[in-house]
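To keep things clear, I will list the structure first and then write my remarks on it.
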Amino acid sequence: MLLDTYNPLVDEMVQIMDKEGKIVNPDLMPDLTPEEMLKMYKTMRFSRIIDEKTLQYQRQGRMLTYAPNLGQEAAQVGSAAAIRQTDWVAPSFRELGVWLYKGAPLHNIFLYWFGNEMGMHMPEEVRILPVSVPIASQMQHATGLAFAARYRGLDDVAIAYVGDGGTSQGDFHEALNFASVQNTANVFIIQNNQFAISTRREIQTKTKTIAQKAIGYGIPGILVDGNDVFAMYAVTKEAVDRARRGDGPSLIEAYTYRMGAHTTSDDPTVYRKDEEVEAWKDKDPIDRFRKYLISEGHWDIDKEKEYSDERAQFVKETFETIEKSGDVPLEDIFDHVYAKRTPILEAQYQLKKAFFEKEGK
Amino acid sequence: MLLDTYNPLVDEMVQIMDKEGKIVNPDLMPDLTPEEMLKMYKTMRFSRIIDEKTLQYQRQGRMLTYAPNLGQEAAQVGSAAAIRQTDWVAPSFRELGVWLYKGAPLHNIFLYWFGNEMGMHMPEEVRILPVSVPIASQMQHATGLAFAARYRGLDDVAIAYVGDGGTSQGDFHEALNFASVQNTANVFIIQNNQFAISTRREIQTKTKTIAQKAIGYGIPGILVDGNDVFAMYAVTKEAVDRARRGDGPSLIEAYTYRMGAHTTSDDPTVYRKDEEVEAWKDKDPIDRFRKYLISEGHWDIDKEKEYSDERAQFVKETFETIEKSGDVPLEDIFDHVYAKRTPILEAQYQLKKAFFEKEGK
Amino acid sequence: MSVLNLLEAVNMAMDQSMENDKNVVVFGEDVGVEGGVFRATKGLQAKYGVERCFDSILAESSIIGSGIGMAINGLKPVVEIQFSGFMFPGYNQIVTHAARMRNRTRSLYTVPMVIRMPYGGGVRALEHHSESLEVLFAHTAGLKVVIPSTPYDAKGLLMAAIQDPDPVIFMEPKRIYRAFKQEVPDEPYMIPIGKAKVVKEGKDMTVVAWGAMVRETQKAIEKLEAEGHSIELIDLRTISPIDKETIIKSVQKTGRFAVVHEAATTYGPGGELITIVNEGAFLYLEAPPKRISSIDTVVPLPKGEHYYVPDMALIVEELKSVLEF
Amino acid sequence: MSVLNLLEAVNMAMDQSMENDKNVVVFGEDVGVEGGVFRATKGLQAKYGVERCFDSILAESSIIGSGIGMAINGLKPVVEIQFSGFMFPGYNQIVTHAARMRNRTRSLYTVPMVIRMPYGGGVRALEHHSESLEVLFAHTAGLKVVIPSTPYDAKGLLMAAIQDPDPVIFMEPKRIYRAFKQEVPDEPYMIPIGKAKVVKEGKDMTVVAWGAMVRETQKAIEKLEAEGHSIELIDLRTISPIDKETIIKSVQKTGRFAVVHEAATTYGPGGELITIVNEGAFLYLEAPPKRISSIDTVVPLPKGEHYYVPDMALIVEELKSVLEF
């Protein structure tokens, strides 16, 4: 088993498929059916299309702030595909591929980024906690989710995602330690996309790998080519199975790159050169997966076009619905502060209601 | 150099003097004059006498809450002796030996534990930050002290102490990472006394050693026999010299045992057996140092008695002065909130003054 | 009926809640083997096992944060923060998550969790052991804040807090943990959160207090009543959401108002209560309302602590100034 | 004179402070290469080097905590918290250390440090990007809390904050970062902390506001004055310590009072100001004082945000109700 033998201080990054889509490590190649692979591939493509179109809408002034995932699709979908539907995910805010793979409706996702809390009221079976903005804080929730699952006699695993920047927060440390001490069924996945906004990974932490931080908690830590969907799947699967068996938590560093801006409010040209981004294009996770699928005969250019067009149309339609959705009703902001409106909230609601009615709003 | 070669995942605890006071690792034996050794020994004895007498006063109802250091004298004095006078210390709350070695007047120390802030107004040259109650928070200050020293062109080092329990806090993690990233002249010393109040080290963190947490920051981490004053001195000296040279921070785990209660409010019999404590008595840091000094001809039983009696008398006298010191003047609590009383504080002061004068208090 | 002090009542509330509901779990620093530094959780680990009552790691953010995850996944965590002054490392999790998870997911995920903490001064303790931080919670949407002042209330309010579908900050006045005993029913019972208690009725003035200040105020009132005044005392019990109605009705009757609290004065809880009275009973006021509260210094160590918190004598003097205005 | 917006004025204040005093250092998330997400620190790293202006690790407790150590050891750190909603992980260091180091050591060690943070709503942002948390600082002894409302004030107050011997929380109303420009002197100057500014005099009523609410209130007042009312507007500028004198003198003159703020209502800053008015000018009041403030919900995401903060129309209506009482 990789997790038991891999030494993040010594060993290289786990890779199964190289950037040409060649399987370079067949021993580790996961046992996936063509259908499964296609589901993964399609989710990655779908994610990319959503990103691209949303960025376009944003430039047209039709969208609020948005955090794109370009380049990180394999890290996200490769890991999400290794998770059981009832497993929990505690995400950060840049995990579109995970949401999609676990069945979150695009409708909800857009609604959220459009500034409507109802977006995070996902269908129950999705089992992903809402977007967590305070960096790394969600990792603590994942430990509690896993603790509760075991307590209730369930073998669900809880996966937390965090960024390279997020590893600096105290919450990162505490969550890993809790999981280690309680031996909870947790998998912590670091999307090391080399940046925290403008801050480079090198000045965020000085260790050779981020994976080696696992040693501080006595748990396995492993560095994975985050742009290789098979490597991400294989390692996550092993970590999830291990956790489910009761053998404890582990830490995965997905080595990847944020191809786009931090968010649509960010201008990355201020802090990085185009050449750097270009160099990473060569390692694009979607391109290499497609090359593999085509070479294996599971996919072709026509299917690619057909699928892309259909998805683009779907994104457009969904976006346009959301765009028309308008403001939330006044009740909405009062009705979920507590299970029941308090007298003060009720009074404030009545006042606001009267005010807005008078104002004709 | 030990710090460069020691591997906390593989190597044993650094020990120079065994529990019989024999030098078992002469290669590592630090170059200390008899005078220096005697200063260290005497400080340890002094610390023990203060503890014992204070516990006695506490039982007599003459003292407030107090945190004894019994058993940890070598960890404290051994490390403090390796520090230059201008080096900074960011202590937790159980570092009596460090305070004493760096020249803190017992008067101040008692005043503090007696509930008077003036106690922490130490002579400036002591250079120890005040007792820090919020666990591990002081480690962050140490990083800033070291940063500022380098910024100002000084080669002062900043040492932070923390307990085994304190390693669980997010601040522990962040401080180590800051020091690693900024390459500040910091030494972090964990007094692993096996307990955080009633919580055993084993359920605080699951790693084989606490020292190995250093790997998560790419800095040296080393496990030391904390009851061996020479080992503590030698390792701290190396770490301090290294930091002073600009070669960066390191982490030292002093493996020791809290012989007494957590504080005078604590009853350790609730959570640990006498036998466990007994077993550690055998490793007493003061006994073994004395055996060594006597065997080398630097100390004898008469000197021991004379010194102890003189110190006991001094402690008694100091305590009795403090005991009579009474409440702080009303001004005191108003005059150090800000550099200057704000109008609100001035008004509140006048009101309180009038009130207490009227009440005849 | 048992005759219990406040601490024992708190213990009983947890014990019976654990007995009634397997999903109630208790954790925090030293709450297991030791039963907590004040012994509030004494006996729970022995009775319910180490999975249901356990020593946490020394990390408040983990205590709250993992509790949030547990609450979302079906448990009812009752966590202990050793002293309220140590809640700060966990404050991010309280404010940004516990308080907001319901709103953020439009009630898909909720956090039925109780965060217990001893608070307040008067025990001659070290730094950070004596704070009264209720405003930091009560100013935060999504949290409920409850403070009992008697053993009876402590049990009933804590059992209600554990049943509550939302996060409740349960602050225990440690100064009166063992100060007095009271008859407490053996069977489980709940006292509704959000309702103040009229401790005693009166005609000339309304005084609101909570926690350890209720007793100090009671003593002050006894003294003043002996001099012929009639004073209504309200124990707020729930700091948030406030029971405005009870307060306003009372002030409309008495025409005079004071609030007594241990928290610092400026931007403290007294300002809220006085403003509520302004909003709801301004025209009834016969004297300026008054707050009797701690000063705006750092909480002093023991040798200066007596200057800090209002005591009976100060309360008497201040209430008199309102009565005689 | 330069014509600057508030953000540029903040930048100039730091620039000149660094120029004047080698011990001023600036750090925080992304403040170096990028110059901060709002560009408040633009150009400072290029001008002063990476030791004096650097990107911190992503950890607010480290930012504040290391800043405390630097301040004790002779530097004057000016740190940036990216948004005030992210100060929570650093709140422990602010409250338990920055605010108390002086008192704890009876002025042996002090923390002359500035903690800057953009705050407040109205920018259609993600969660935790729109909070107004001034009470959490202003209720804490040992901290000063300053909020500018104009470019001119921003420069003068920030330069004063950097010179201040104690920790200053400097909250910048991001909603008006670029809303308007103003003439700002090129030479360094300071505006004293602790003094409110009478923005305009008036006879019928006193209104206190700060930050982005000053402009909204100004607009509302213009409307009401056109209808014949005369209103005095005070920009509080320093939230703590409060300039009671200016407020009370004004209310003694006008007899009516309102406070406008972006923070949530309950246990919010308005309660303090109304209480101050009760304490200092009760007998002058001709109408119940009023707070015009955000509601007690979680700050909504953009599609509900307009319900949350008081706007000009609401301020007009509420002020009228006081004027016409």
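Labels for the chains are A, B, C and D, by order of writing; each one numbers its residues from 1.
Here is the rule we go by: a contact is a pair of C-beta atoms (placed from the backbone, for glycine too) under 8 Å apart; a residue touches a chain by one contact, two chains touch by 3 or more.
Since the structure is predicted, the reported quantities are computational estimates derived from the model, not experimental observations.
Asker: B-C versus B-D: which interface comes out with more C-beta contact pairs?
Answerer: Result of the comparison of B-C and B-D: B-D.
Asker: Taking each chain's centre as the mean of its CA atoms, which one is most distant from chain B?
Answerer: A
Asker: Taking each chain's centre as the mean of its CA atoms, how far is chain A from chain B in angstrom?
Answerer: The answer is 44 Å.
Asker: Could you give the separation in Å between the centres of chain C and chain D, each centre being the mean of its C-alpha atoms?
Answerer: Centres of chain C and chain D (C-alpha means) sit 30 Å apart.
Asker: Can you check how far apart chain B and chain C are, centre to centre, with Cα atoms defining each centre and the answer in Å?
Answerer: Taking the mean C-alpha position of each chain, the two centres sit 36 Å apart.
Asker: Between chain B and chain D, what is the separation of their C-alpha centroids in Å?
Answerer: Taking the average C-alpha coordinate of chain B and of chain D, the gap between them is 40 Å.
Asker: Taking each residue of chain D in turn, which ones touch at least two of the other chains?
Answerer: Those would be 57, 59, 61-62, 85, 88-89, 92, 96, 103-104, 127-128, 141-142, 242, 266, 296-298.
Asker: Mind pulling the chain B residues that touch 2 or more other chains?
Answerer: Counting only residues that touch two or more other chains, chain B contributes 117, 133-134, 168-171, 174, 177, 181, 203-205, 332, 337, 342, 344-345.
Asker: Can you name the residues of chain C that touch chain A in the complex?
Answerer: 23, 25, 51, 56-57, 59, 61-62, 64-75, 77, 89, 92-93, 96-97, 101-110, 141-142, 144, 165-166, 194, 241-245
Asker: Enumerate the contact residues on chain C facing chain B in the complex.
Answerer: 29-30, 32-35, 37, 55, 57-59, 61-62, 85-86, 88-89, 124-129, 265-266, 295-298, 300-308, 313-314, 317
Asker: Give the list of chain A residues in touch with chain C in this complex.
Answerer: 88, 90, 117-118, 120-122, 124, 129-130, 132-134, 137, 139-149, 151-152, 158, 170-171, 174-175, 177-178, 181, 332, 335-339, 342-345
Asker: With touch defined as at the start, can you tell me which chain B residues reach chain C in the complex?
Answerer: Residue positions touching the partner: 64-65, 93, 114-117, 131, 133-135, 165-166, 168-171, 196-199, 203-205, 265-266, 270-271, 325-328, 330, 332-334, 337, 342, 344-345, 348, 352, 355-356, 359.
Asker: Note which residues of chain D are touching chain C in the complex, please.
Answerer: 61, 85, 88-89, 91-92, 95-96, 99-100, 103-104, 127-128, 135-136, 138-139, 141-142, 240, 242, 263-264, 266-272, 274-275, 278-279, 282-283, 288-291, 296-298
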